[in-house]
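Only one structure is covered here, and it is reproduced in the block below.
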Amino acid sequence: MSLLLAESFAERGARERAQSLLDAQSARELIGPFARLSSPYLAAQGVVAQSDDGTVVMRGTLGGERACVVATDGRFLGGSIGEIGGAKIAGALELARRDFERGTPTRMVLALDTGGIRLQEANLGILAVTEICDAIVALRMLMPVVAVIAGRVGVYGGLSLSTALCSSIIVSEGARVGLNGPDVVETESGIEEMDSSDRPLIWRVTGGRMRFEAGFASELVPDDVQAIRAAVEHAFTHPRPLPPLEPPEFPDPRLERDAFLRAMGIEP
Amino acid sequence: MSASVRGRVWLEKLAAGGAPVAGLPPSVLASDTAIDGHAVRVIAVVPDTHARFARARNGEVGIDEGFGLARAIRATPQGSAILAIVDVPGQAFGTREEAVGLQRALAASAEAYVLARRGGHPVLALVVGKAISGAFLAHGLQAGWIGALDDGAIEIHVMSEPAVARVTRMEREDLARVAREVPATARDIKTFATFGAIDRIFEVSDPDAPSGADVSRVLQTLAQVLREPELGLRDPVERLARPQAQATRAIARRVRDELQAQWDA
Amino acid sequence: MNSPVWNSRRKRKTERLARIAHRVRDGRFDAADAVAVLQALIEPGDRVCLEGNNQKQADFLSRSLASVDPALIHDLHLLISVIGRPEHIALFERGIASRVDFSYSGPQSLRFAQQVADRKVSVGAIHTYLELFARYFVDLTPDIALIAADEADASGNLYTGPNTEETPTIAEATAFRDGIVIAQVNRVVEKCTRVDIPGDWVDLVVVADRPYYIEPLFTRDPELIDDVQILMAMLVLRGIYEKHRVKSLNHGIGFDTAAIELILPTYGERLGLRGDVCTHFVLNPHPTLIPAIESGWIKSVHCYGGELGMERYVAARPDVFFTGRDGSLRSNRAFCQAAGLYATDLFIGSTLQIDRDANSSTATLGRIAGFGGAPNLGSDPRGRRHSSEAWLEMTSSVEEVRRGRKIVVQLVETFQESGVPTFVERLDAIELARSAGLPLAPVMIYGDDVTHVVTEEGIAYLYRARDADERRAALAAIAGVTKIGLGADEARTQTLRADGVVAFPEDLGVRRSEANRTLLAARSIRELVDWSGGLYDPPKRFRSW
Amino acid sequence: MIETLRYEYPAREAVTRRAHVGVVASGNCEVLLEPSSAKAASIVVRTSVSGFDATWQAVLKRFFARNPIAVQIEINDFGATPAVVALRLEQALEGAR
């Protein structure tokens, strides 16, 4: 009956995910939905804006220490990052760095579920992601920055760069991490390069388990709130840095695609 | 897609007589030169029709390019500035790349730029061609100072136009209309400059074959910028405070103000 | 005077088989000769029964039949359960078949309607499955049957795997009246895994160019179940299953019934209903049944067909499923339909349209979709003579001579996702029948068979209504803001609630705020796999790992 | 492309807290509910699916006839069915009481 007791993380919305990673009763949302800071660019493109822009910032404590969780909601426009969501992430990272310099370090957790930069705000999104990448590296030089990728979308696009810069990356088996989504690869390079309907292949190539086994993620967790919380806390108390961003071992890319994948231990 | 020669052309002109950096993949060119007496490492990603990754033969930033850029940046000599020549049609779209971890390759280069800039190397960028998506994030956007050519062929966006059309299920005419109404979706350099990230736009006679006058005008400006190294050391967040960004990025500033006000409430 | 001839059918069969004798060895012919064999065997005007089931498809034979020369073979009378494949339509387009009797045409409903409109094909009737099979033994006996199986042995015995479906029925009707039975098989073996069809019912065997096509039709991804479906599932569980102690039942295919299956181990467990309701099912092996089976709710399941990916799980649960000596599922659509008709207390399913008298239809203009098994399952069998608590509860009669009634439930949201109302003044089926020249409007379930209608607003207990006017009022009370629902009179609705003819969630102790996905015992395909202990092996398109 | 609809209904009951439920995802909607000092419920609906004014009106009228609460409500809609809208309103009300 243990299956009935597991509390799924992926099932929750961004707000509940952020809450669930902070100590009980400690969560306090910043710029919540009633602040009505929502994207002014979407209406002209036929999209109704969400009151929190799909990104939630929560302050609180984590293991008793000052903390901030930023979570994106994969259900609103694929969790895409526009001006407001991007500024929430970058701004929180900047404040965490200020806190460290003031001697009151704040643990920073990015619980991302995003297809990447929001097409409807492309230029503003790419500038925000530039700021996010810079802020992660700047903060990481001082203290751990932890990414949690355990949603139904995973992390794709510009934000996959950002998460690769974090000091710890916690992934679930259901999540995916890649630069280009399978449908984009199929559009740009053809179906023989990537069949975006071949779901098992997509997970074998970009799924959480593969990323963990390749050493690109620090922890592989089940889709369970308690397990993910414990992994996050552990990432701060026992930081285990990921390998530096050097090229991994890989077979000759001139091999035929399937042969290449097999040589990487991926059954196409 | 016909491969663009601009990256190579501009690198060769701006770093004429420079010393090529060895040990890089053929698609990553780097050259140590001096501009008005300032040491500069000039770096470009260029097409390599023989690249071992087939999806990265037109100047895309792929596995070898991302890690190659990182190597070139990290090895920048003490006291040297960095100039990124940007002509990148996008990242490599391939299954092999995704399997190897393309996001890490691009992150390696972005990280190297951040660490170089934060470590005291002024980082400049000159956009001479396309600057699409992850490729631009990995090569150019982390610069403290960014110049660009005034040219209609320059395209800045997060996704190619056909792919945007497919994802948003909009016709190209609709996309053009939206780009007029919502500048954040435009693809041209002038609109992009309104967000405060472009410090200078150069008029040139021929972006593909710049004249001596074109080159010397650009070199003059670069020399001025290098005389004020703090320009190349500015963090991306400082763009929010620029005059051009007053209106266009007001919301991003407001988000930060409110976050700060509520942070310890 | 000539002596009468009593074996003309047999003689004709012998003649036909003689025409292809040179292509046959040991009862088998080559796949390469398939078109030639069919062309030589079949005669214009023949009744040809083609195995196009809900899942298993004799697709090699249907492709071959679609390739014969229409100058030689034409005007066939096609008998088929499901018009599901493009080549079925090609048979009409090319003039190979010009008449059809069938049951369901879901995937091809649009193209099929076009063929009817173009007078390329005339429709005998749209049947429910059992009715169509029954006619194979009366006035629609096939001359030729084209069937599909997994294995054949040297004697022509066939093994059909978990998807036996209608193969034995078709073969029996054909073989025992001197028709010709041709089976495409995936492979020939020395000894069949199990004998599903005896070899002496089979005349010819051909090894197909590729394994028969099979469609995963009954897999519903729990990730797509929403709060409204969960609310309706809670209403059904409390207001119908618990109230009437429903033990034996059939669930239609859909997310709303999947939601019911998935809240049995959670909500149902909390209500203490395990063992009291939902103990015997008649349905395909829905993956969403796994948590309820594993939690000990379900004693038996009989299946029309199999479901891709459920093979190993079913084989490992022989106490629950009907399995052969080899361990694999034995399904049989005819028996399962009979079981659903006579031996279950309840049918529950969804529809696209309901009128004010509770007649329901899935027909929409421009499409001839047919019914499948719903009209059979969703009707009261007047011949039933065994009783159960639930069956008897449907009657208020206190006469010494009385009968019970089957519970027939329609489960619908008041509006479809596109904002189209489910409750309508007039079924599209009526106009469809007119434009397609059908003698009957394709009503899936007649209102007088419907005992309950459930929406997100509540339950209408139509069997308790005193007259037609009260039935309409009860239906309107739960029809939400559709035109029909807006016609409800508030005061009358209150009276109907007091009389137990209508129940709102609060009347049943169902809290709307509780209706959310945490009630689902499994919220993803992955969790279904986990529940099955790794025995369930979902098809690719359902995997997120 | 986006339709903005406004409705107002009489109200007499007060609620104590504000509440936020739902998400702007296909077939779903977001509801923001705030207590109001006016003796009315005023609702703003923003929807990407146009042409359903009458349906919105009917759903809201029913809800506020049963729950005459003094509130300001904002609904951001992405094609939610009346059933989903009603459920989200119920959930918001539960959170506000």
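Chains: A, B, C and D, in written order; residue numbering restarts at 1 for each.
To be clear about the criterion, contacts are C-beta pairs under 8 Å (C-beta built on N, C-alpha and C of every residue); 3 or more make two chains touch, one makes a residue touch a chain.
Source: prediction; values computed, not measured.
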item	value
Most central chain, Cα average position	A
Chain-chain pair with the highest tally of contacting C-beta pairs	A-B
Computed distance of Cα centres, subunit D from subunit B, in Å	46
Between subunit A and subunit B, centroid-to-centroid distance (C-alpha), Å	24
Subunit C-subunit D separation of Cα centroids, rounded to whole Å	40
Whole-Å separation of chain centres (CA-atom averages), subunit A against subunit D	32
Multi-partner residues of subunit C (each touching 2 or more other chains)	none
Sites on subunit A at which at least two other chains make contact	44-45
Sites on subunit B at which at least two other chains make contact	none
Pairwise chain contacts under the document criterion	A-B, A-C, A-D, C-D
In the complex with subunit A, residue positions of subunit B that touch it	52-55, 63, 67, 70, 90-91, 93-108, 110-111, 114-115, 118, 133-134, 136-138, 141-142, 156-160, 162-164, 166-168, 178, 181-186, 191-192, 195, 197, 235-237, 239, 249, 251-256, 258-260, 262-263, 265
Subunit C - residues contacting subunit A, complex	223, 265-266, 291, 295, 517-518, 521-524, 526-527, 530-531, 540-545
Residue ranges of subunit D in contact with subunit C within the complex	27-28, 49, 52, 55, 58-59, 62, 79, 81-84, 86-87, 90-91, 94
Complex contact set, residues of subunit D against subunit A	1-2, 18, 20, 23-25, 28, 30, 32, 34, 46-48, 74, 76-78
Partner subunit D, residues of subunit C touching it in the complex	226-228, 231, 413-417, 419, 455-456, 480-481, 486, 512-513, 515
